[in-house]
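So the structure is just underneath, and the comments pick up after that.
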Amino acid sequence: MALTDLTLDECWAYRPELTVPVDLDGFWARTLTADQPGQATYEPVDTGLTQIRTFAVTIAGFAGEPVHGWLHLPAQADQPLPCVVEYLGYGRGRGRPHEKLFWAAAGFAHLIMDTRGQGWSAASGSTPDPHPYPAGTVPGFLTRGITDPDDFYYRRVITDAVRFAQAAREHPAVDGDRVAVTGISQGGGLALAVAALCPDVAAVMPDVPFLSDFRRGVQVAGRAPYTEIVEYLKLHRNRGSQVFHTLSYFDAAVLAPRATAPALFSIAMMDQICPPSTCFAAYHRYGGEKELRIYEFNDHEGGEADHQVEQLAWLRRTFAAESPR
Amino acid sequence: MALTDLTLDECWAYRPELTVPVDLDGFWARTLTADQPGQATYEPVDTGLTQIRTFAVTIAGFAGEPVHGWLHLPAQADQPLPCVVEYLGYGRGRGRPHEKLFWAAAGFAHLIMDTRGQGWSAASGSTPDPHPYPAGTVPGFLTRGITDPDDFYYRRVITDAVRFAQAAREHPAVDGDRVAVTGISQGGGLALAVAALCPDVAAVMPDVPFLSDFRRGVQVAGRAPYTEIVEYLKLHRNRGSQVFHTLSYFDAAVLAPRATAPALFSIAMMDQICPPSTCFAAYHRYGGEKELRIYEFNDHEGGEADHQVEQLAWLRRTFAAESPR
Amino acid sequence: MALTDLTLDECWAYRPELTVPVDLDGFWARTLTADQPGQATYEPVDTGLTQIRTFAVTIAGFAGEPVHGWLHLPAQADQPLPCVVEYLGYGRGRGRPHEKLFWAAAGFAHLIMDTRGQGWSAASGSTPDPHPYPAGTVPGFLTRGITDPDDFYYRRVITDAVRFAQAAREHPAVDGDRVAVTGISQGGGLALAVAALCPDVAAVMPDVPFLSDFRRGVQVAGRAPYTEIVEYLKLHRNRGSQVFHTLSYFDAAVLAPRATAPALFSIAMMDQICPPSTCFAAYHRYGGEKELRIYEFNDHEGGEADHQVEQLAWLRRTFAAESPR
Amino acid sequence: MALTDLTLDECWAYRPELTVPVDLDGFWARTLTADQPGQATYEPVDTGLTQIRTFAVTIAGFAGEPVHGWLHLPAQADQPLPCVVEYLGYGRGRGRPHEKLFWAAAGFAHLIMDTRGQGWSAASGSTPDPHPYPAGTVPGFLTRGITDPDDFYYRRVITDAVRFAQAAREHPAVDGDRVAVTGISQGGGLALAVAALCPDVAAVMPDVPFLSDFRRGVQVAGRAPYTEIVEYLKLHRNRGSQVFHTLSYFDAAVLAPRATAPALFSIAMMDQICPPSTCFAAYHRYGGEKELRIYEFNDHEGGEADHQVEQLAWLRRTFAAESPR
Amino acid sequence: MALTDLTLDECWAYRPELTVPVDLDGFWARTLTADQPGQATYEPVDTGLTQIRTFAVTIAGFAGEPVHGWLHLPAQADQPLPCVVEYLGYGRGRGRPHEKLFWAAAGFAHLIMDTRGQGWSAASGSTPDPHPYPAGTVPGFLTRGITDPDDFYYRRVITDAVRFAQAAREHPAVDGDRVAVTGISQGGGLALAVAALCPDVAAVMPDVPFLSDFRRGVQVAGRAPYTEIVEYLKLHRNRGSQVFHTLSYFDAAVLAPRATAPALFSIAMMDQICPPSTCFAAYHRYGGEKELRIYEFNDHEGGEADHQVEQLAWLRRTFAAESPR
Amino acid sequence: MALTDLTLDECWAYRPELTVPVDLDGFWARTLTADQPGQATYEPVDTGLTQIRTFAVTIAGFAGEPVHGWLHLPAQADQPLPCVVEYLGYGRGRGRPHEKLFWAAAGFAHLIMDTRGQGWSAASGSTPDPHPYPAGTVPGFLTRGITDPDDFYYRRVITDAVRFAQAAREHPAVDGDRVAVTGISQGGGLALAVAALCPDVAAVMPDVPFLSDFRRGVQVAGRAPYTEIVEYLKLHRNRGSQVFHTLSYFDAAVLAPRATAPALFSIAMMDQICPPSTCFAAYHRYGGEKELRIYEFNDHEGGEADHQVEQLAWLRRTFAAESPR
């Protein structure tokens, strides 16, 4: 463990010029208005837990396709709750319903989105990605449909993520003015995208965000998953500009200036998977008020339980300031 | 490099009891008669080569879906040629048209099948797998649809492979009585499956075959791709019997007794990817006449150029014996 | 990932002859009666959680030395609760108070013991091991004081563990007849030792237990921490019998026949850290009623969230059967 | 996979000052005129191929020592052919005669030179290096005789390479005005050296060239074979300047300004074996017209089949421009 | 093997600003005067050697605690000898008495200090570190007591080292005006600390010194033991400044300006364990006359037997100049 | 670190049938009588040591070729000394003259033989191997000339080793009746070969011997250098029996029954380079009286300084028993 990217001083100074596609807003407006989201369903689940009630969630995502998840509520809640919508890290599915108890134990509604097609690494998933699998995709998701923004996998996932944020706002147990989005790594990148595309979100907490400043990620990160893109271009040698053009529609650092909600970022300086410079690219460009916790000696695990304490305090402060009821 | 599986003596004695699904023949009869194969197309390609003519091939595979490939012919051929149909190793696509010149340079028609969805490792592919991507699939292809034989990825690929063998027999430049199937690793497993399902094939040359004796492969092979199954079952802890039930329909060692064509196998004794015992399982159970070349000190690369010499000589002998024109 | 130890059939048949020191019972009687445990203290902690109340625990362990931990209680509990006492895996400390919420969220009292001196790998610790550090100890804990059972580190830790089980039985919020001990890896070995030394414990749930059948562990496990013993004997070449003599007082497989409480074990067949044969040694010799969940395709992570479901169901059944109130 | 050397912009700007030995031209003149090359022999080989005729070649190399190779000709050739002389990558021998069919299948004469002593990695060799083996040579070839330019292994190999280019020009089936030299890695370094020493060569195609800018290669490349030099100097601590003095006679970047033939280079930006900066050093200093194909996301495999297409097109254009017959 | 830190030119220019604690001198004065060193004992050992006489040494170190070692004398010595006091590398104990024979064979008295608590890697130790083991210490010694300079492990070790240098000066077989201190890695850092704290030392020979410029060591060194500090801060995320404050009292680069004895340094440019820049930091700041041997192509092994030759010559020259008897 | 070969019980029972070439004795008689050894020269070297006198040795080895070495004598020796002749481990050269001082410091004459061509790994060498380098040799020495016993590298090295033992016996400072041969790894294999071929040797001390039971070594050892043979046969697939035929002339386990001198072996049970079974093969077949020290928890480093103590005591006992002067 040592630095493998820029130093902290260099990261503060790192301001890459990123190409913003001219039709970025149009692309997303077209995407998000294409289908009216369907009805969300919430089925109670018997987890054996007594302090937390859990519901199996199905929400209509991209193209109205069903996307699963969990909703956790504190067992005794008698008024609308602030809500944390969580997007997951790359490879992880929603898992068993009793795996993530922190936010509900702290008195929040907690909505977790399964990432379509994923769920093989640390927790299983249950949402398929019902789309043709293009030839030559590098195993994984980063190059699936990468030759065209319309076909790219993350177009579907970001749309799902927006739908989950919207569903959270509309859930009767939730106070729609106090919905935060968060996530680690891929989940952090998705939270940033939702913040940019969904102005009603009240707070954003991206941790060691992935999907940010792709070109640098690809040059610096020696470990998966940015390397999926390298593997792809290694074989499809003439598709470099096409690939980076597609990615520019989904790059959290490109989308970040469009966000306005207050944000609490975390970045780890010895992160080998999401190099800190790439996270700083998103942080520097973020459009809303922002705070940052830097973990100088951590790899991609970032702040872990320590950062949860930071998030809980920050979120209570932020919601208190915003919603003086 | 050292032995990592059974010794050669132990391999000769290794006769695993494999479960044959009761409806194995029915499953495959139903699968293969479901769609009548469509029309194959052969478009000339300008490779810049003067000694070999190449055609971009499209053949209707599973569900009539287009599967691509290359057909190479010697530049001057004036009568029907014996033909080698080649299936590719895991991860490899058909690649550039000038990559595999051996069989055509030796005077054979040479038909190469792209493996649907694959083509990211050593050569690119151009055939998508237009089917929904199930939740929780381990990146790669070995667990795609693994919960049901009807949905399993290799049902589609084996059907494609049968169609390519049939198309070869029907091509006007080919002598349909002298069509051999071959392949390395995954290609070797597919060649065995085709030999079992397609009795008109005149010769089979499986090299270090993959997709054989899955249960042992999963227990012994410490390296991908058998490990995809381990990764899947590591998370889906209660799906073991379901998974191995599905796999039994596609296991080259289960299918091998149904084959009757003469066969030339190769097996490498230090193979870390397809442990030699798993290849011996298929060899021992193979239903036709068979020869075996053992490479005692080779890993999964097997016999390479040395084995091509063996194959060329064996195939000429075999076709000479069979087709005394 | 593949098998690296015996197969499942071989594990069922594996019954090692282990040397039981003649003064084993005397050693532990002498150790456990040496000091009367002091007073336990429980200080409320502000975790920010609303559904679970947490207390910082200090219990007098070996030689009356203070050992820390956490006690979690469901927020609304109005009668004595069944309790789960948890010992931690090697390297892990008690961590942040909000890290382990499962048992309290399920309505149990949950007492977590910091492992003295540890807490550097996955979660920090706060309990020192106030004893001289012997020359030549391999970094880690497995060889600390290994030349004499009286000085061996695990004499202190097992005593601490017994004290925690006793303190749980005496806590006013706990139903002393329904105290279970559990833990993963090192925690599983400690749970077994406590079960052997502390007959009042009502249930035992050792997961992938470490500290079991040391001699085989040392021969088979290629990864830490059993390898600490190899490293030690590599340099102290003439201390083999002395070392294994010391270890025999602390070997969970040696202690297991003395236990009588019902037990739920878990063992992982691809476990590279605690080879399954070593865990089977403890299971086979366990003195009480016992059940076993085998995870055939898992490494040392074992059953994880899936096994928590098994444990919760088994524990409710076991406590219901035992304590028909 | 990520960048491990300079970025592309930095590579374009990288212009190292390399020390040119004062007697460089004299050294090579003396070396190349020392022996008059002997008679080349060409024995037909039965490869089983019908479209390509192959000859086992023996050409008198350094000190008149026999150096083997293969000559491939298209089966039907009725006039002098353009010829590609290929030098091999480090470790590779000439292999089986049917391994490299591309250039002959494209209508070229194709002469392949065995690298003396080599042939253990990817293809076997048949040419010994009949010279005393100096004490302390690091296994491999980079430090063999490195204490004196006269004894250095590459003095012999470069001389062999020049002899092969000359022999190609004199072969009756070859149009001596259209002889190109090429090679990957070590072969690319040799092609550059031949271009510098043998002005009659009509075209040069060095791919990811090795043997270029040794000092930087040694400082940057963490993987073999540049590391052989590090290993040598690690033990022979006081021979640094002697070693780099010897290497300067054989450095492709030092020799490059002497070349005049048109050249097509390839360089891979994620090359861990021949860091791109070292290849750029040769490119920038190359004396003739030059083109460059950059593979931004490739390791040392470089452009592979894609680059063959580039080479074929470029070579046809270049020969058409040069030899307007 | 390649450069993994600054180039040689950059190292010459590297002058970090290091924080010197305001009470540095007071801290060490207080520490070193706290206990009067006790009586040293020297017991003859039967090593079986005939040319060298060896004594088992016990010297009162920190807090008067016994610290062991060896003293070697040439078999026939009839007048006070110059003496080399050697401190050991990290992990190594004093080992067997016949392991280090060079200095005595060269006619010097040679006093070797066991490093308390260490002795598990390359040679065993026999000196315990009789102090409580703090919670959460990363296995190893670099973070033991790191939250307070008074408790830090190296406070004790440096005190031991000073006591050994003093004992050497007082030994009847030794010429007290010709005592040198030396050591490799950790031993080099200790030698520098002793040079700074013990002005009577006549010569200092630090090789590839460890414990120097900690902050950079932690950022650059990807391999143990600097990484112990990273591991610690990875979990104790808020202790960064506390940790580096403690370390500043023990940093060889911070202490170096206080030294006045002539010094011979060695630094290895491909050192992955003690990055050359960190060694240069100590070298540049060293207060006495100094020479430096640079090993450009060596990893942490540095100059080994070659450097012993340098040391022997330099030390004879230095002692001759200083002590013209 | 764990067992990677047979257990100790299995090693005691392991008795492989090895093929003894029919002309084994003739081969060696012919080899050793071919050249009369030339005159040995001994040049004093200034090492700076005062207790040990060192001479640079040159002895006529195979074909009378000069082979270098060192001779160390205690500084004051006034009668013929017992002598230890040491052969070196693979890769190591004779190094600097002051590197190995143990035997001379213990009062023995100590003659060290440089291994021709070697000296790149741990210590440099100065003896070339003035023979042609065959095509396709795997870098290293194990396959150099392996197609013919007459050309095989170890024919030359074993002859050199015999010459050194003979020269020791004839040196005026040596008592020719008390000459022992020893060595670690390759040196141990050479010592065994000399013991078999040179009946005048009075004692043999092979440590973790290499070059023994080649066929098993090649199947079991996953690390170099036995793997050189695998690499060779991986490419030269049809040379297996030829290679093992050649090796049978040089296999220490094949030669061992011919030896008669008393022997002290050492074997390490976790040896990954020379698997213990292969060493046991030589031990079991050894023709003279024999003792064995087993290091149960050591890798290829074996007994190190601990074993030196064993050797010194054993050798003194053995020489005392043999030579009652």
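The letters A, B, C, D, E and F name the chains in turn, as written, and every chain counts its residues from 1.
Criterion: a residue touches a chain if its C-beta (ideal position, glycine included) is under 8 Å from a C-beta of that chain, and two chains touch if they have at least 3 such contacts.
A quick note: this is a predicted structure, and the numbers were derived from the prediction, not measured.
Asker: Considering only chains that satisfy the touch condition with subunit A, which of them also satisfy it with subunit D?
Answerer: In this structure, the chains that contact subunit D and also subunit A are B, E.
Asker: I need the common contact partners of subunit D and subunit F, sorted by label.
Answerer: Chains touching both subunit D and subunit F: B, E.
Asker: Comparing centres built from CA atoms, which chain ends up most distant from subunit C?
Answerer: Farthest from subunit C by mean C-alpha position: D.
Asker: Looking only at residue numbers at the subunit A/subunit E interface, is the share used by both copies over half or under half? Answer same or different.
Answerer: Shared-number fraction below one half, so different.
Asker: Which chain maximises the distance between its CA centroid and that of subunit F?
Answerer: Max centre-to-centre separation from subunit F belongs to A.
Asker: On Cα atoms, by how many degrees is subunit E rotated relative to subunit F, nearest 5?
Answerer: The superposition gives an angle of 180 degrees.
Asker: Tell me which has more C-beta contacts between its two chains, B-C or A-C.
Answerer: So, comparing the two chain pairs, more contacts are at A-C.
Asker: Whole-Å distance, subunit C centre to subunit F centre, using C-alpha means?
Answerer: 50
Asker: Quick one: subunit A and subunit B, Cα centre-to-centre, how many Å?
Answerer: 40
Asker: Give me the residue numbers in subunit D that touch at least two other chains, ranges are fine.
Answerer: Within subunit D, the residues that touch at least two other chains are 123, 231, 306.
Asker: Judged by the touch rule stated earlier, which pairs of chains are there in contact?
Answerer: The set of touching chain pairs is A-B, A-C, A-D, A-E, B-C, B-D, B-F, C-E, C-F, D-E, D-F, E-F.
Asker: Taking the complex as given, what residues does subunit A use to touch subunit C?
Answerer: Those in contact with subunit C are residues 48-52, 74-76, 95-96, 98-99, 101-102, 104-107, 123, 305-306, 308-309, 312-313, 316.
Asker: Per the contact definition, I'd like the list of subunit A residues that touch subunit B in the complex.
Answerer: Where subunit A meets subunit B, its residues are 93, 114, 116-121, 123-140, 143, 231-232, 235-236.
Asker: Touching residues of subunit D toward subunit E in the complex: what are they?
Answerer: Against subunit E, subunit D makes touches at 218-222, 227, 230-231, 233-234, 237-238, 240.
Asker: Going by the contact rule set out above, which residues of subunit B touch subunit F in the complex?
Answerer: Of all residues in subunit B, those touching subunit F are 1-3, 7, 270, 295-299, 301, 303, 306.
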